[in-house]
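One chain, subunit A, appears in both complexes that follow, with subunit B as partner in the first and subunit C in the second.
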Partner chain A sequence: MSYSREITTFPLNPVVMGKLLQVGFNLASSLISLSPVNISLSAGISVDEAKQVLKIVQEDVNTCLQISGECVAKSAFDLLCAEQEQEHIVTFCEAVDSMLGGGVPVCKLTEICGAPGMGKTQLCLQLAVDVHIPEHLGGVEGEAVYIDTEGGLILDRLVELARSAVLHCQQVVEASQSTLDQSSHALTVDKILGGIHCFRCHDYYELIAAVQLLPTLLTQNEKIKLVVVDSLASPFRHNMDDMSLRRRLLATLAQSFLRVAANFKTAVVLTNQMTTKIMPREGDSHHIPALGDNWAHVSHNRIVLTRDCSNNKRKASLYKGPNKKEELCFFQITLKAVANSWLCVSKLFGSSSKLELVHVIHGAHHALV
Partner chain B sequence: MALKVGMCTAMNAEMFTKLETAGIASAVDFISRDPEVLSRELNVAYKDVCSIRRVLLAELCAHPVSALKLYEDALSSLTILSTGCSVLDQLLDGGLYTGELTELAGDTATGKTRICHWCAAAAVKNDLSSALYIDMGGSFDIPTILDAMAEVAGDQAAVQSRLRRIKCLQVFDVFQLFALLEKVMADSSKEELPSEWGNLKLVIVENLPLFIYPIMGANAPYNQGILSRLGLKLKQLAGSLSVAVLVTNSLVSMYGQGRTDQQRKAALGRVWSHVPHNRIILNRVGSDSAGFPRPTEVEATLVKSSHQQTPFTATLNLADRDAST
Partner chain C sequence: MKTGKATGPDMISTEMMQALEANMSESRQILTLSGSDLANLSGLSCRDAELLKTHIASQLIPQGPLTALQILKDESLQPWKLSTSCPVIDKVLKGGFLSGVISEISGESACGKTQLCLQLCLSVQIDEKNGGGAVYICTEDVFPSRRLQQLIRFYNSKRRSHKFGDNIFIEHVADFEGLDLCVEKRLPALLARGMVKLVVIDSVAALFRCHYTAAQMMERAHHLSQFASVLHQLAAQHRIPVICVNQVSANMDGPGINSVTPALGLTWANQVTCRVMMSRVESSEAVEDQQPNHTIAKNFPTYRQLSVLFAPHLAPARIKVYIDDTGMHGIGAIT
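Coming up: the complex of A and B.
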């Protein structure tokens, strides 16, 4: 096979690459036929380095061949067929779910932004619980990885949510009077808590390390369907003087998250903080999500949680989504249990034309009391 | 190119060892030396040095082609692909030209991805042509593409055939992107029946900065090298396969030199700004207002073009691509 790709387009060590170029190896084809010893002699690099170079070049040739084998390139029609099987993780809040097209989509990145106390962590905890809902009840029956950088994972609250979810599932099964024997699939609080794998990261080094380890973890445990990072912003908003370093690290993390979402078919949910942007011309200011403009391109769906001043309800706005139009809906974080409020939600939805819904999660302050 | 024994009759083992000891390993080293000096230093026949030189030059040199031939080639292969949006077509003097690289730069949610979908849908309108959609984030979206094919929505077979001719690929770093582009070029230049890429007319690369930023940093010359290499590759692809290449880019702020107003320019720096043939900057109309949902109008400004006078601004509606203002 005549393989005429320039070696400058391979991920090689620049120093080694410089030496190779100097002696005229500028195409992959000129390297592949040679032995490591030959290369090391003519280019003045060590045999180990030469072996490394050959390995990288050959591996790349192989992946290239794989790309040609139909498995990788998909036509839009294949994607359409796959789309019909697109799984979603429900949030238990009908308005938010419908805004996202049925819940938080699997294989995609969803970003939840909001000022403190708007319910970002609540939504994350709820999702980590809801990912366990069995398939026969319309869930994805998976497990979750929870990467906590802010210490917002409060276990009391998680247990409460898990208990409510179990209760709700039982009620649904009873209500449908299903004759199927579901005892083996029955959801329990222990099962939910056992299926949430928590990482506590204190700074961005730990976060990057945890994200780098995700592929290994996900290969070992195929049940994981959700990766939550709460929050992505906090490690990057202090002790970061070098903005270009931050941009680079965030871009690398973005690559890793996208790779995880696509290769392992998981949903990735990230939370982000808000910052103030001052308009130089008008002199006024408003809240925008943090982490800069480049980060804003990464996520597929971006939800911003705010509080509506007029009626003091929590408001979720879909700021970015490839297909959906920009939408907003109201939700509430109440003290009621999940199952009861769920029924109450449907009633409200039926009677009122406004998208005014009760969202069924407690405020974090309640758990702290 | 490295020198090898047996490249030509004069290049025997003896000559090779002599050259090697003199530190001449590549063709460039050889050609950059004066043949007379070389023959004296190495104590080899001047005639041999000259014959090797001739062979190397013949092999390395590009052949001159007459402009008339180029013009005829261009006429026979040039296609202008509609973007599917009348305002954009007007802005680009008809649409996307094959052989050219067009860049869409804009902030998040200014419709870059949506316009890419429109272009892909319009490119496969023709029964034979196909499109390739390369992207890191998996932003290719079925409802959007179906929406863009609304005119044949009733005809299942037509929709299916069109969808089949849009190939989507997720690649996760710039080196994979290189491998893929190389593969596409190698496959399409074969003389066989249509390759798996079909009769490729449009290649879309979404969100270029996301490929480039992770390698930016300490070793600036190396990274600039990768970036210009990518530019060259994309142009080579556009030229050799006669396809239109569409890339999307983000915007960055311009600071310094007494700028108080926050002006925005396309990302990836000055080196990259020379690469695209056409560049369109997208801005939300009234993006500074905090109202929500925001208006769907987008202001598209052509800032670089090989056909039109610049700058040229038009307003298009993301919700309704046929609307002209």
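Coming up: the complex of A and C.
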């Protein structure tokens, strides 16, 4: 990283600054490598003054390094311990959870790809609700930031999912007859909705602005454990002709997301659209995640949602994941009508890949039972 | 938002802002630079560059994040729903078509797409709170004025002394020049006046399907996404529903011989938030109307069907519908 702050912008004694400028020290970078004695000789200032100057410059360099995330080394053992303690946000769908090794991991980027209508937004909404599940029920008891670029955040659906999650938590507590029921009463629909912080972004400027504001927001609110961007693809695929700009912006955004995930211990969930790739030789075409090859390197986990042609079931497959092998599972987005009302409660549930929905987890995740 | 007017944080001198202004026409473009690029360009320290970016970001999103609860309590932040004037169809759509996004009605010919659109043009005028006039862009056929008059006679009883016909703006477009002119120039001007609360395009498929050959699919995709992005902008900016009619194409991989999918492929599907499909079903069973007020001929050999294919807030569902003098009506769910 190049460091090029001008000397004039530092809070220095004007006499000292004048002398430094006279002998051609315009940029702070030219000072860092020199010793105080060298500076004092060439600029004609005292050694103490030179030390003072270096101290101020060095402080600024350090803060810059901190911002850019180049921080101290950690031992592999520390990292292993940290990884084992890593929390997961459950999806309420056992098959999808086990595919991801227990849910969507915090400190990681998870990308959900799929054609329209495959359930990307549903999975995101579900996660935004599930992040609130109290700790004693196996959740992470956090809050969520939801960056909506497509207008898919429909409150009706969010309220439905929140109601069903609250109901479910109550049932679990009642079934286990635990003494902790007071704290679970605290989980209400209002609490869930109050803990989902929404940005509605209409173009990529607003998306970048929202991402730029994330560190401040996450510092102020330490409960936030999940950042959802639904979808990352649409602002970069609508009317975006400059491909080099797109690549640059996506790379910058990727850095910001990685920093947010690592520094604030949050899960970052991004959705991506699908695009058609035409094989040059065979003239054949198939669907691949959009945003190109450069982007494909960024996310830690990549899930592709598709629909099985033969039996019309929804399919989720782990396309890329550092901890798990490639896997495939079926899931459903279900509707369960509550008596005497038109409200539909729905949950994601699923079965293991081979058994094809033989055992239906009745809206429950194993961690909750 | 010009940089000159946007005052930066205190530590940024006017010279620096001028230096940035020389490179950037808008202050929001500063956001597209990475922190170190901005530092190099402006001579700020990395830290100050980050502060500058955060400052501009907070200017771009002045209200900051809103919690879902705040949005729920304030109706003006939520999309409103355009009723179809039929309680059964509204129930399936949970209130109607969403504002602020693109909804699609697809289907083979003569399955009632245009009928539903005409009905929406009238029912948007009944909604006194959010409603208003409608724009109807025809690309396929001549606008069915006679049918509209027939429907207006019925709707007059719902809102008396309202001239329904005066609030529907009809535009015939036969080529891309006309379509682009209409959508990019004339439509924003009309919407800016605030009278129009619904845009119907009947249909998007007609032009995009016939003007491009198979070798020009890349161009078509590009043009489609550009077109959709304008519609998205208008829908979000004016908080109106945009309804696009689409044709269907035969589905080769799907089950059944007669299965069809909406036309225009994945590019267009990615732009659509809610997708509704209509179809005709040959059937010998009698259609039973659950609403005794309506008189319809029993034993229709065919009936029409409306299905929700996807929407963020709706479950996939299918209902039978029929069309009579007074418009389209739902009958009941198909299980």
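Everything that follows uses one rule, which is that the second predicted complex is superposed on the first by the 266 of 369 C-alpha atoms of A that agree within 3 Å, B and C clash if a C-alpha of one lies under 4 Å from a C-alpha of the other, contacts with A are read in each partner's own complex, and residues count from 1 in each chain.
Just so it is clear, a residue touches a chain if its C-beta (ideal position, glycine included) is under 8 Å from a C-beta of that chain, and two chains touch if they have at least 3 such contacts.
Not measured: the values here are computed from a predicted model.
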- [ ] Please indicate which partner A:Q22 is in contact with in the superposed arrangement: first for subunit B, second for subunit C, both, or neither.
- [x] first
Open item on the list: Is A:T252 touching anything from subunit B or subunit C once the two structures are fitted on A? First, second, both or neither.
Closed with: both
TODO: State whether A:S244 touches subunit B only (first), subunit C only (second), both chains, or neither.
DONE: first
- [ ] Determine, under the contact definition given at the top, whether A:D60 touches first (subunit B), second (subunit C), both, or neither.
- [x] both
TODO: Answer with first, second, both or neither: which of subunit B and subunit C does A:T9 touch in the superposed model?
DONE: both
- [ ] Classify the contacts of A:D293 with the two partner chains as first (subunit B alone), second (subunit C alone), both, or neither.
- [x] first
Task: Contacts on subunit A seen with subunit B and repeated with subunit C across the two complexes - done: 3-6, 9, 60, 63-64, 67-68, 245, 248, 252, 255
Task: List of subunit B residues in touch with subunit A within their complex - done: 1-3, 25-29, 107-109, 113-114, 120, 133, 136-147, 160, 162-170, 172-173, 175-176, 178-180, 182-183, 186-187, 196-197, 207, 209-210, 213-214, 216-217, 219, 222, 225-226, 229, 233, 250-253, 260-262, 267, 288, 290, 292-294, 319
TODO: Enumerate the contact residues on subunit C facing subunit A in the complex.
DONE: 28-29, 31-32, 34-36, 39-40, 43-48, 50, 53-54, 56-58, 60-61, 64-69, 71-72, 78-79, 91, 94, 98, 100-101, 225-226, 228-230, 232-233, 236-237, 253-255, 265-266, 269-273, 275, 309-310, 312-313, 315
Open item on the list: List the residues on subunit A that touch subunit B in their complex, please.
Closed with: 3-6, 8-11, 14, 22-27, 30, 42, 60, 63-64, 67-68, 70, 72-77, 79-80, 83, 107-109, 244-245, 247-248, 250-252, 254-255, 258-259, 261-262, 279-282, 286, 293-294, 296-298, 300, 302, 317, 319-320, 322-323, 325-328
Task: Interfacial residue positions of subunit A with respect to subunit C in the complex - done: 1-6, 9, 60, 63-64, 67-68, 115-117, 121-122, 125, 145-146, 150-159, 190, 192-199, 202, 205-206, 208-210, 212-213, 216-217, 233-234, 237-239, 245, 248-249, 252, 255, 273-276, 287, 309-310, 312, 333, 335, 342, 344, 346
